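Each of the two complexes below includes chain A, the first together with chain B, the second together with chain C.
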Partner chain A sequence: MTAAMMARLADGVPRRTFILLGTLLAALLIAPWIVNDYLLTVLIVILYSAYTGQAWNIMMGFAGQLSLGHAIYAGLGAYVAAVLFTKFGIGPWIGLVAAIPIAMACGAVIGFLAFRFGVAGVYFAILTIAFAEFARIGFDHLGIVNASAGLFLPVAQYAHNDLWRLRGDPTMFYYVILAATVLAFIVCRLLLRSRMGYFWLAIREDEQAARAAGIDTFRYKMYAVTISAAVTSFAGVFYAFFYNNLFPEQVFNIGRSIEMILGPVIGGVGTLFGPILGSFVLTGLAETLNSAMSAVGLDLPGAKEVFYGICLLFVIVALPEGVWPPLARRLGIDRGKR
Partner chain B sequence: MTVDVYLNVAVAGVLTGLVYGLMALGLSVIFGVVRIVNFAHGEMMSIAMYIAVLLFSAFHLDPLIMLIPIAAVMFVFGYALQAGLINPFITRPEHSQFLLLVALAIVIVNTLLIVFGPDARSVQTSYAYDSFQLGPVLVDASKAYAGAAAIAFAAALFAFFRFSHIGKAIRACADNYTGALVVGLNVNRLYALSFALGAACVGAAGSMMTLIVDVTPNIGPAYTLLAFVIVITGGLGSMAGALLGGILIGLTEALAGLVFTPSAKSMFAFGVLVLVLLFRPQGILGKRAS
Partner chain C sequence: MTALLSLHRVGKRFRGLVAVDGVSFSVPEGAIFAVIGPNGAGKTTLFNMIAGAMAPDEGSIVFAGQPITGLTPDAVCRRGIARTFQLVRPFPALSVEDNVIVGALLHRHDVGAARERAQTLLRRFDLFDRRHQPASALTLPDRKRLEVVRALATEPKLLLLDEAVAGLRPTEIDRMVAILRELNRESGLTILLIEHVMRAVMALASHVLVLDHGTAIAEGTPEAVVRDPAVVQSYLGAEAV
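The block that comes next holds the complex of A and B.
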């Protein structure tokens, strides 16, 4: 990393933010030695959600393009890497090199069609759902990926960790997703502070005004979609190798897209901390409900989800901006809306 | 396969499509006036379907007769929902509205799961296996009745919006929010009424739908998506467009199920949606937003 990038990264950030970030990172780094296996898996789920939320945030939070079908990029990444691994024995990192351009191409197609033909707002959001659903049903009938029967990766031997082939114990997966989340955070910060980042914010706030100011809005929206798709595709690769099974019905399900959106919206759309905080809040809530349910011996299918939905309603009604912006103001590290 | 087979499937598709159309009409009314995309639409329909199934199994009440009281129940539900929960969100950004309704959908689906369990339920009417012979075409009686009821309900709604004072006031709200405020309309109440009317449509459609498909707690999301596809195909905010879109999508699904495989049928519906969004984003009968 060049000195200029370092300077841009740190520029104008209050000391308190660094202390907060440092503490959080340190806690996450030593977590595997402290928590048990179950909590470690929960942390992996949280970080996965924070990572995908950050990726989605590039499109919606920065450039203002509401995508409700982000599962398509993760799903494509997962399937590309898994097919290369199971059929040709090609490892996940090379698989990622193949997955990224494919996800970007998919994002480019959706973006091109939408932005060229003036499909915006709610219509754009529904177009993204349509593509994800199209992929879901299409993969359900695609022989090379075993259609609806599902694609299975040979289950990892936990005896030794093989980072190159992503086969190993949860601790290894934890550090991989932690590194990815940190990297995504840094990339998003750099993007936000770049020339393009300011163009995105201008487009988000008022697209017509941005165009009047001479910004090629079509091009920068295309950048937002493709970058977001590329970042998301890694999450899919991780998903495939962590869970070792892929079903179109699950991977491309609209539920996956909604899960990606929940973190940043609850945490704070367009903020860098939002996706991370939102993921902690939501997964923490779900897990608390889980243990509370088993503690009172209530084993009713659906009960947990009802409470989850009600809590979600309360948060959305009570905190229009999400959890992070008011918290940041209280902590005194708010630097205005960005 | 002969032409007759195609004709039979096409007629069945059109009749089912009419019920789809009525469901989508509800979404269209809500979006057209309140400007909120009801992401819990299919879930609201599954509530209506469970009420219909319950009334049938407990009292043997025919869903085609019960669609009026069920629509009334959903009307009240919709009114309360808009007035109590959704109204503060009309000025919030779209992703915020989306999440509100998704959270609502989660609550509905899982409440139904708790109350009714995961098994599929259906209505077994005395005419379930009847059919009419129209030349070479064999028309399923349940679908014919459901389709006719859908047309009647939609016609009543058209008449309400065209001729009644309240209908006119709601159209005024949809056309010009500020103008409606200026002439002294109670916009919040009219919004709640619109949402209630949309919910009534979906209630009536749900009641009819029990004649066509079985109900499980998790069918909601698929119908929410279907309603979007239909409404955008026909034109968001256009009432006739919703019905036309319903017929078109019903027909597409039925024929795709016949020619390819039934499990891939909604892929073709989404294919139609993508084509419409690209070449006529405002929908077949929609007007271009200014």
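The block that comes next holds the complex of A and C.
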């Protein structure tokens, strides 16, 4: 990282923010030594949600383009890496090199169709859902990925962690997704502070006025969708190697897309902390509810979804900006937020 | 003086309704040129065609020697024509400073340099103290001024103002008029304005074009135009002449 980038990263950030970030990062770094296996898995789910939320936020929070089909980018990443691994023995990191351009190309096709032909707002959202559904149905009949029978990655005994092939115990996966989340946070911060970031915000705020200010909105919306797709595709690669099984019905399910947006919506759309905070709040509470229910011997299928719905309702009514912006004001560190 | 902007027989129809009918005029470099006319005369349509928001059905628009007919609004802005909106449209959730930075980034790639430029402009237009407020928190006169500042930040050769003083009180109008005159005098910025408020037109314009029912009915100095019988008739009716 160059000195100029470091400077841009730290520019205008209050000291309290650094203290907060440092404490959070330190806590997350030592977490595997403190928490048990179950909680570690919960933390992996939280960080996965924070990472995908951050990726989705590039499109919606920065450039104002509502995607409700982001599962397609994660799904493509997952399937590309998994097929390369199971059929050709190619490792996930090289698989990622193939997954990213494929996800970007998919984003570019969706973006081109929408932005060139003026499909905007809620119609754009419907288009993104449609593409995710095409993928779900298409992959359900695609022989090379075992169609609806599912694609399974070989599960070896965890003799030792193999980071290069992403075979290992949950602690290794935890650090991988933690590193990815930190990296996504830094990338998003740099993007938001860049020339492109300003143009995205202008488009989000008022596309006509942005065009009148000389911004080629088509081009910058295309950047937003392809960058967001690229970042999301890594989450898919991680998903494939963490869960070791892929079913089109699950991977491309609209539920996956909705889960991705819950973190940032509850934490605060367009903020950098929102996706992280929202994921902690939401998944944390949902898991607490889960264990409380199993402790008293209650088994209610769909309770998690109902709980998500209640959380969403509460946030929309009580905290329309999300949880983070009011919290940041209370902590006196909202200057960096735009 | 050479013409910075010239329109040649520009026309626009909406499903048979002729909004602008073969209008030709030239805006000399360094001028403050006003287009006036009663409601429905086609002023805004004309404005939108110059700004690229609509493509004309016929005729051509030439800016700084280059045809700009049918270009998109962003391409028009990059050529050096910046506009404001009749109903102000600053980026509401962005700070006043960030609004101007967006404009300044058009010809700058460094955010720091754009911020410096934005701050210089904000100081000059009395918005520096409010630079950290969201644009949505400003009063209407401040928002109108912010829009002009954002447009200026793109470093235009021609500034298009769509009713820049509409809805302002007389003292606020005079302030805006003073700012625009100063800009024109100091930097030689050419201004094309569409205006209803005659107080502003008379104080500002060196040249006036009167539109009525989509055609140009008079052109000249403000003093001459307001005495033109055709103009009086279009505004006040035949009995007034």
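Definition applied: the second predicted complex is superposed on the first by the 328 of 338 C-alpha atoms of A that agree within 3 Å, B and C clash if a C-alpha of one lies under 4 Å from a C-alpha of the other, contacts with A are read in each partner's own complex, and residues count from 1 in each chain.
Assume contacts are C-beta pairs under 8 Å (C-beta built on N, C-alpha and C of every residue); 3 or more make two chains touch, one makes a residue touch a chain.
What you see is a predicted model; the values in this text were computed from it and never measured.
Asks: One more residue to check, A:Thr217. First (chain B), second (chain C), both or neither?
Replies: second
Asks: A:Val42 contacts which: chain B (first), chain C (second), both, neither?
Replies: Neither: A:Val42 stays clear of chain B and chain C.
Asks: Chain B or chain C: which reaches more residues on chain A?
Replies: B
Asks: Between chain B (first) and chain C (second), which does A:Leu183 come into contact with in this model arrangement: first, second, both, or neither?
Replies: It touches nothing on chain B or chain C.
Asks: With both complexes superposed on chain A, which partner does A:Ile310 reach: first (chain B), second (chain C), both or neither?
Replies: First partner only.
Asks: Would you sort A:Ile254 into first (chain B), second (chain C), both or neither based on which partner it touches?
Replies: It touches chain B, and chain C stays clear.
Asks: Touch check for A:Arg193: first (chain B), second (chain C), both, or neither?
Replies: second
Asks: Tell me, which parts of chain A touch chain C in their complex?
Replies: Contact set of chain A toward chain C: 8, 193-195, 198-199, 201-202, 205-206, 208-217, 338.
Asks: Considering only the defined contacts, which chain B positions touch chain A in the complex?
Replies: Touch residues, chain B against chain A: 31, 37, 85, 88, 92-96, 98-100, 102-107, 109-114, 118, 217, 221, 225, 228-229, 232, 236, 261, 263-264, 266-267, 270-271, 273-274, 277-279, 281.
Asks: Quick one: in the complex, what on chain A touches chain B?
Replies: 60, 66, 68, 113-114, 117-119, 121-123, 125-127, 129-131, 133-134, 137-138, 140-141, 148, 254-255, 258, 261-262, 265-266, 269, 300-303, 305-306, 308-310, 312-313, 316-317, 320
Asks: Which residues of chain C touch chain A once you look at their complex with the stated criterion?
Replies: 51, 53, 72-75, 77-78, 82-83, 85, 89-95, 98, 101-103, 105-106, 108-111, 114, 150-151, 154
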